[in-house]
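A, B, C and D label the chains in the order they appear, each numbered from 1.
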Amino acid sequence: MTITAGTPLRVVVWGENRHEQVEPHVAELYPDGMHNAIKAGIEENLGAAVDVSVALLDDPEHGLTEERLAQTDVLTWWGHAAHGEVSDEVVERVHRHVLSGMGLVVLHSGHWSKIFQKLMGTSCTLRWRSENDRELVWTVDPTHPIAQGVPHPIEIPQQEMYGEQFDIPKPDEIVFISSFSGGEVFRSGITYRRGNGKIFYFSPGDQDFPVYHHKDVRKVIANGVAWVASDRAERAEPVLLRYETGDFFNGRGYQGAMANHEAPVTEAAEVAE
Amino acid sequence: MTITAGTPLRVVVWGENRHEQVEPHVAELYPDGMHNAIKAGIEENLGAAVDVSVALLDDPEHGLTEERLAQTDVLTWWGHAAHGEVSDEVVERVHRHVLSGMGLVVLHSGHWSKIFQKLMGTSCTLRWRSENDRELVWTVDPTHPIAQGVPHPIEIPQQEMYGEQFDIPKPDEIVFISSFSGGEVFRSGITYRRGNGKIFYFSPGDQDFPVYHHKDVRKVIANGVAWVASDRAERAEPVLLRYETGDFFNGRGYQGAMANHEAPVTEAAEVAE
Amino acid sequence: MTITAGTPLRVVVWGENRHEQVEPHVAELYPDGMHNAIKAGIEENLGAAVDVSVALLDDPEHGLTEERLAQTDVLTWWGHAAHGEVSDEVVERVHRHVLSGMGLVVLHSGHWSKIFQKLMGTSCTLRWRSENDRELVWTVDPTHPIAQGVPHPIEIPQQEMYGEQFDIPKPDEIVFISSFSGGEVFRSGITYRRGNGKIFYFSPGDQDFPVYHHKDVRKVIANGVAWVASDRAERAEPVLLRYETGDFFNGRGYQGAMANHEAPVTEAAEVAE
Amino acid sequence: MTITAGTPLRVVVWGENRHEQVEPHVAELYPDGMHNAIKAGIEENLGAAVDVSVALLDDPEHGLTEERLAQTDVLTWWGHAAHGEVSDEVVERVHRHVLSGMGLVVLHSGHWSKIFQKLMGTSCTLRWRSENDRELVWTVDPTHPIAQGVPHPIEIPQQEMYGEQFDIPKPDEIVFISSFSGGEVFRSGITYRRGNGKIFYFSPGDQDFPVYHHKDVRKVIANGVAWVASDRAERAEPVLLRYETGDFFNGRGYQGAMANHEAPVTEAAEVAE
């Protein structure tokens, strides 16, 4: 999306905020929580073009009420230890907003979140090891807006290894591919469209290493936030509509599966839904 | 998959079998049920290379027990009026088998089935009209095995119209694009990989028209059955595994999110799952 | 690319300008030439954000000197009757600039131009008929910047028919699919990346019909111009370079095929190039 | 393509055969030439299902006459030091046969051959280093026929490094991604369709290392040969044809750019071609 001088993009950084509470070495790396490191990285790159706030797992409705999502242009998601605690109702709500046009940036261990699995339709599993591997992030799509302003490769001195096979649908675009000291490779920066929404998954980032303080990682996340923001004039959920012959612009609501040979239908005659 | 002279491919044709019971004009078009027309089309094209059976919504567990799915190479799916009656447990089971390598052919109104929505992650909505449109099915990928042996275009004299926008993920391959008399277009033959499984969606086919008796439609469905069958030596679900540095072949099971910096782990130390 | 308030985008509209000279009915539709209709459409949509000029086949070097291309952000291309008159040297030059990052919008019969064939690697053939078909242009990628601001579908009352199979590489993105009164379908709005450059092909537009005066067609072409403009900081041709172990940022020039096991090479030892 | 018990697939292994003549260490690794190692690998995996012969740069017409190509189902291509010596006429001929349906497997340094560049439309450049890197070849598309029967990853003890960015069009399918000891990554096994033909590029393989004696590399090349073989009933070049309204099956030859509004045309009225 074009980041212009107009209304700032409304960004919500969602954080699980558990490791920071339970594990001292994480709290040391991220004294304000990982979510605030992510927030700072977006603000440092996009400045006045964004208005960034935070929502946390322990907030009421995880901080993601219908009202708030309706006012959110881009949501970023980091979760790990507590994927199972995210309520199915909130996942459905976020899913509906993504299909309606809200942008979504999924970070690192968010690959195994309910919302990412629901959007992908696969297990989103992978191979991993948390052993201080060096990660190199190589750009394979040099024209992509998300790849601008970072070195080729990005060097991350210490990182958890995420390796193939990554059980995901074929990405719409592969922007980055990473290697690790141990020899593994990973499609680490990938995009998808789902409904009217755009999604960017970026794997670098971990609670055990200071990755969200890394200048280039922050730049990529900010690029991703700008890219997933919708170019559409308004948010709208995809719907199933009936159109009469020759009338391309006035759809009618669905009346039930047994009614589709009576046209026009005025009353529902459903048998089985 | 290579259809050879060896063991026949085990195909299960799943049918909802409701329209045929309730609507006389459907029963007239498909006196043995739509599922048996689909079955006959597969057999007429693949002969001794397949062993085709039928499973129905009203069978116990919809005819899709764990034991039966474990013995199924390819499942075809036709549903329409009763998507909501398919149990979530069976949908989870079919989903797991697709990710493990079972082939899936989704037909026509199956676009709105629970299993297709779960695999796609989108609403799978579209525009439609059931008004005797002529459908022309054009091949856009002339090299694809699914496109072999049919004219360009396939002509279907009477069909329900399915039109864009079809809310689906970008297909791995678009094999066919259809037009309708009314001027609409539709990505009517598309493929996806999900996990270790392959999926083919083909839109021509309807309860109100004799489409499953159409020679070319039957040929395409049979081609699709052959194509989605796995080339892999065995069925396996994708899993998340930890690999030690330098050991690429012996993964260890996941021990919980808080345990990933202690290696090797021998006992689970989960906090939050 | 982000169209901002900064330096205007430098756009060159290349036109063959032959039909207008030879055929009275074309001259009547396009009294200032098709190229000026295309230019006006871009200016009417992008205003001060673009600086548009024209280059013609009969200009010296077809108006596409090295100096001018180096100062061009986006080139649009319309040709038809005289593809064969475009010099191979200019085609090589344009090709190099596209790989280096210059955006390219190829219009209608430009599908059979030397530059498009060279970038695609295929025959770029199709089926066609010039018989006053109505064309409907359906959006299949609702998130794409190029699809914004136009109705779904775009209706073009009179158009030449272009139909599948269109012998092109699988597009990076299919933005639009068209149908024609006669029942044919066509992937009418498609994108590609080649090297550091972006390409948009859009088929609506013809010398025999007033398509370049159509409001929505002009909007799409302007969207395409904005989209193919590079986001990269500088223009650079992809090169083959040797990198020492551990030095990711300092490539060395190629020394010849027989020299690649002597490192570092200081003198070329080529046998066969 | 289905490898069945019928007529064997006619495979031509094309070899440059220069390093083996000039460099003793290459001759030692490949006493019968690299082409014969490649041939042996295909035969060891596909047996009686293939009939493999060799063609060399120094043969008349490089061994690739019109007659021979017309009798070739799959061509494999290895070149390096003498890309420039391959005649443009033979390149055009091979290109036409690929678009017509002949399968093509391009190996290693063949990435910079004239035929691969012509089919890709890009520079096909990359980063490289010949320094005994270990290459690991990871499968990212576990359902692909080309990935069957090899370990994940394939380990190649000594290899030339090929790294990103690899200036190629977005592949239709990425089957393998490699890492190297030095930390680089590479899309090492990729597929494309061009016209009616299928292409597989596989990067492992080099004159300085015994890679074509590696069991898994040989298996992948054989899988690639089987996969690129056409499923189509006959070979045919894509053509541009005019179709009258309602007649979908009888195309007429092109009569020239200025003649397209006179239908039917019986005599050519070309101005400019």
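Just so it is clear, a residue touches a chain if its C-beta (ideal position, glycine included) is under 8 Å from a C-beta of that chain, and two chains touch if they have at least 3 such contacts.
All values reported here derive from a predicted model rather than from experimental measurement.
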### Message
So if I look at the partners of chain B and the partners of chain C, which chains show up in both lists?
### Response
A, D
### Task
With centres defined as the mean of C-alpha atoms, identify the chain lying farthest from chain D.
A
#### Entry: Distance between chain centroids, defined by C-alpha means - chain A, chain D (Å)
38
### Task
Give, as an integer number of Å, the spacing between the C-alpha centres of chain C and chain A.
32
### Summary
Between the Cα centroids of chain C and chain D the separation in whole angstrom comes to 27
### Summary
Contacts with two or more other chains occur in chain B at residues 136, 141-142, 152-153, 163, 165, 170, 172, 181, 183-184, 193, 248
### Message
Once you draw an edge for every pair of touching chains, what topology comes out, line, ring, star, complete or other?
### Response
complete
### Task
Within their complex, state which residues of chain D touch chain B.
2-5, 101, 136, 141-145, 148-149, 151-153, 155, 172-173, 193, 196-198, 230-233, 248-249
### Task
State the interface residues of chain A toward chain D in the complex, per the touch definition above.
134, 136, 138-142, 152-153, 163-166, 170, 174, 177-181, 183-185, 187
### Summary
As the complex stands, chain C meets chain D at residues 18-19, 22-23, 80-85, 99, 109, 112, 118-123, 125-131, 133, 160, 163, 165, 167, 169-170, 172, 181-184, 192-195, 208, 237-246, 248, 251, 256-258, 260-261, 263, 271-273
